[in-house]
Amino acid sequence: MIIPYKYILKKTAAFVAVLYGAITLNFILPRLIPGDPAETVYSTIIREGGGSVSPRYLHQLAAEYGISNAPMYVQYYNYLVDLAHGNLGISVAFFPEPVSYILYHALPWTLLLVISSIAISFFVGNRMGRYAGIHRNSIKDLSMDMFAMFMASFPAFVLAFIVLDIFALDIKLFPIGGAYSIYVNPGFNIPFIISVIYHAVLPVLTIILTSLGGWELGMRNNIIPNINSDFISYSENLGFKKYQVNQIAYRNAILPNLTGFAMSVGLSVSGVIIEESIFSYPGVGLYMITAIDDLDYPLIQGIFLMVIIAVLVGNFIVDILYGFFDPRIRQESE
Amino acid sequence: MKMEEQEVIKDNKSLLGKIINPLKILLSNGKAKAGFIMLVALILFAILGQFFSPYNPTKYEFARGMPPSYAHLLGTTIYGQDVFSQLFYGAAPTLMVGFAVGVLGTLISIAVGISAGFASERVNTVITGIINIFLIIPGVLLIMLFGSFFLGLHQSLGYLPTILILIITGWAFGARTFRSITLSIAKRDFILSSILIGESRLSIIFRQIIRAIFPVIISNFFFTAMYGTMGLTFVEYLGVGNLLQVNWGTMLYWAINNEAYLTGMWWWILPPSFMISILMFSFILLNFGMDEIGNPSLRRFKSKNKNENKKIIGDLDVNIEN
Amino acid sequence: MSILRTENLSKTFISRHGIIAAEKTEALKDINIRLEEKELIGIVGASGSGKSTLAKLLVFLYRPTGGKIYYMDEDITKYRGKDVKKYRKKIQMVFQDPYASLDPNHSVEWHIKRPLILSRYNGDLDNRIDELLDMVTLNKSYRAKFPHQLSGGQRQRVYLARTLAVSPEVLIADEPVSMLDVSVRIEILTLLQRIKEQLGISIIYITHDLNTVSMITSRLYVMHQGMVVENGDTDSIINRPSNEYTRKLIAAAPNPYKRI
Amino acid sequence: MEVNHINAGYESENGYISVLKDVSLTVNRDIILGIAGESGSGKSTLAAVLYNSFRYPGTIRSGEVIFDGKNLLKMKPNELRKLRGTEISFIPQAAMNALNPVKKIRLQFYDMMIAHNIKENDFDSKISSSLELVRLQENVLDNFPHELSGGMRQRVVIAMSLLLSPKFIILDEPTTGLDVMVEHDILLDIKKIQRTLGLTIVFISHDLPILFGISDAIVMMYGGEIVESGDYEDLLRNPAHPYTYQLLKSIPLIGTKIDSSMIMKGIAIDFNHIPHGCYFHPRCNFAVPKCSDIHPELKQTDGKTHLYRCNRYPEWSRNAKLEAIGT
């Protein structure tokens, strides 16, 4: 296998640049929001019954944020140093838990939802698109497309409520929330794993249903020009078997769909955050809603950073894989 | 088919002709036609809603949580508002947000995308980087961040903050499309030829590139409008919009927050969901139909002369995904 | 005084590999050609010989990496901005593929009108358009047509009218007939010849096809791998090629009377 | 191969457009048959019909293509598939697009053999013998198509089409887009392969000089019908149709000077507006009034194998000769 070093190098450089941009944005944005986050947090703590905290804590809080009278570049430096040590500040809503601790516990659940739903909907959606594309302009194609468009036109959370209402409340087939049953022991044991899967079915199903349409339509529109392409008709003319021809068209069509991954990961994470709040799934999204309600800036900031890093890493991996799959991309960048 | 359309266009140079002819092209596609009819019906619904709303949609003047009846076609909310009035009256703002985001977002995408496609390599790389950052960051996060930034300002600014948030989070999709499409068109001989005869860049952009990518612009408009509608429901659902306004998004917010799905008040939660879905569906159909018009290899019929066909298509046949 | 001449013209393409590495490809090496007034010369070479790069250098679509281009004995290599625009009014280029060089969204009339407006033509535009169409043996009825309604040969003629609208002094024709049917080629070639004779425009005809180039040009440059390997009088090159590569080219020229 | 009374055209939004009109021809064994015509003469349509790869919106109204006693057009898809690449093969126009851009050449060869259930042990020997035919080194196998030059890609395509030693091959403008030297080399190779392996080739091109150079027999197409066919020598020396004569005259040649009598007037036929009478009469230098009324039938000259479709042969031919002497 040829290793596309230059391509990897280029992508790594881009990854680092975007990551740095996101980290900096995360530094700037809270400073743009009117009002001093430290003061907001402080007053929230007092309002929520933490009356005993001393005013000195305000200074301490300000320090936590890196908000001080120090010049901007010093603040920025402190922010980067803190970040390097994994210090994301202290949450307000879940006082006195550090943000990093909350994220450490929430992120695995979110990753579980994101990865499983993206994997399944990518696979199923692309297969559906392949089916529609191969039978293009037939009733099979039309019904497939209509289904995809119809599913995509539901706001994600509305669909979630419908699913929740039917499957969890009416026929009580699935639990209404949580990530696992309180009767099982967390750990690597079979009852726990089964319980986790059982609890993940509804949220994953909803995310799949809402994101399926995009994959289906994208794949269909990618595979049709491929089916009409010269190399496909040449393969047919050489007597390739039907499945070989379809496989070639599919493989070539799926490559541009992979670049669509960047968008889809972002969208899926959006979907997941919403679903988690509806299914009370203890992932990042659930904490996010609470954080927004309580104006928990450290937590918002932490989640923001965590999600972006996760998405960037995901994209980076896809990009690198893409370089191995499509030799043309390698050449373009070489 | 193309040939005929071109002829019709040049025969009708009047303003009316300029409106009708693109419409004819749009309606030549089944999916676009279905979407168009649905959209027109919704627009009519929205206009009528501004004048003929049976009750004041914001007043809490009726019995609470009544099921549908003659007096209240879709019953009342838990606060005693008439649901049908809200649905009727809230159509216009919902559509308005969708269209505003569609138009403004597309304009920004065109400006950014085309200038990136036409700029030097370095500028192009920088703009592409910015586009990618906006694409990769989950929209919900941005909506929340910018939403909380605007939270205190909503009352005085009406829908402006919401629209602004959605444009900020929604322009990048289109910009990416326009960038790649412009990059491929800018290398074509007919653009080089215009450079040689001394056309300025702006002139080339406005006279040639915009025309060449017009179907993509329209398709992108519907896509962004779709995003705008979906985004409005998100903004409201996440509670970072102005919840005192009446639109389908806020209706959903209140219905969900009062657990209408648990208390069996289907008449409160289903109508707005249903209407939003129809609106989204019409936008998706129009978007998809326009894609097929702009990219005839997805269409069933081809023009007679194979070679010719290829060349005409060649100018629009740009893979939007890349 | 030559109207156009180059002195050791070179072009090296640098393709970047991310941030560190870069690869250089020498497309042209020390090209010296000259074009006299009212002359039709040919540049012959296979693909990859750098002949298209040369064409694009001469009209400033690329910038040279070495050497100089003289227009009327004036070094134009350092021209920027306005000067480039002014120079381009004197020199125009005809592209290989007439399907691609006309904008499918605009009529024939638009294609000819734009250069007239841009070059501030003061006479009657309508008459001038008809005149130009007439020059390329097309009648008025073609004004309203769109490129896809024309045949390949007609498109190439419309394109010629477009370049003539700028009133250039030099025309660079890069493979103007290789995409056309054999039966149409002669028509375009006679047109080139007539443009030279009637309008006094100097023409560089760039091609890989020795058949057509030998029919209309007075002098030839044979290019191979970015260098001029042979030049001189067309007839003497055809009859007494001194370079091995030229001999191969002549042998490969298609001929119905010669069995393969 | 025998082709009988083919009528074919395209479905469009304005209805059916007829392209091929009652085309019949016979391809003899072990020769190269050239099919010539300008763009829009229906020759590519004919190529697709011959190979039964004419797809919607293209439709075949009637006719049959008999190959080895069987009608290709009536064959079951799977039967046809098995035939393709093994008995009968196709070399397409644009070699740059005919190969899958994201697969190494070797794997594409493998795919081809998997499709025809070849034993895995034979893979490498078959590949190397077919590469040898087109004078390619084996190291091209580990390249992606875009890493090869246009000429090499075309050779790979030829090698692939010949891989399972078919006896009958259709070439659709195989050298378009290649430059003269490469074109010349490839044509020489094709001819050599044809002679050594005893192949039957149908060679389709608009490039008359090449076509006459390589073919043993020639069919001239105009407006979707055959206007002349016969031995290449007959057509070259004694064309019976003015179209052939005018086309040959318009060929640019080294050493001749340009002259306006070489110009072929008019443009290729538009299938939407087919002229009345002889399709060619608006462009014919020898047309008389009756040509715009009577649509000529295909007739035989004395030479038997030489067919033509003209109202005025041999008068026009005599006139042309007189003119040539006069000037």
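Which chain is which? They are A, B, C and D, in the order written, and residues in each are numbered from 1.
FYI, a residue touches a chain if its C-beta (ideal position, glycine included) is under 8 Å from a C-beta of that chain, and two chains touch if they have at least 3 such contacts.
Computed from a prediction, not measured in an experiment: that's the story for all the values here.
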Touching both subunit A and subunit C we find B, D
Of the chains shown, whose Cα centre falls closest to the middle of all protein Cα atoms?
B
Which chain lies the greatest distance away from subunit B when centres are computed from Cα atoms alone?
D
Any idea which two chains share the most contacting C-beta pairs?
A-B
Gap in Å, rounded to a whole number, between the CA centres of subunit D and subunit B
50
Rounded to the nearest whole Å, what is the centre-to-centre distance of subunit C and subunit D, using the mean of the C-alpha atoms as each centre?
31
Rounded to the nearest whole Å, what is the centre-to-centre distance of subunit B and subunit C, using the mean of the C-alpha atoms as each centre?
46
Using the average of all C-alpha atoms in each chain as its centre, how far is it in Å between subunit A and subunit D?
55
Listing for subunit D: what residues touch at least two other chains?
39
Listing for subunit B: what residues touch at least two other chains?
300, 307
Can you list the subunit C residues in contact with two or more other chains?
none
Of subunit A, residues touching subunit D in the complex:
229-231, 233-242, 244, 248, 251-252, 255, 325-328, 331
State the interface residues of subunit D toward subunit C in the complex, per the touch definition above.
38-39, 150, 179-185, 187-188, 191, 206-214, 236, 246-248, 250-258, 260, 262-264, 267-268
Once bound in the complex, which stretches of subunit D touch subunit A?
51, 53, 80-86, 89-90, 92, 94, 97-103, 111-112, 114-116, 144, 146-147, 157, 160-161
Could you list, by residue number, the parts of subunit C that touch subunit D in their complex?
46-47, 151-154, 181-187, 189-190, 193, 208-212, 214-216, 238, 248-260
Sites on subunit B touched by subunit C in the complex
2-3, 6, 10, 188-190, 192-199, 207-208, 211-212, 307-308, 311-312, 314-315
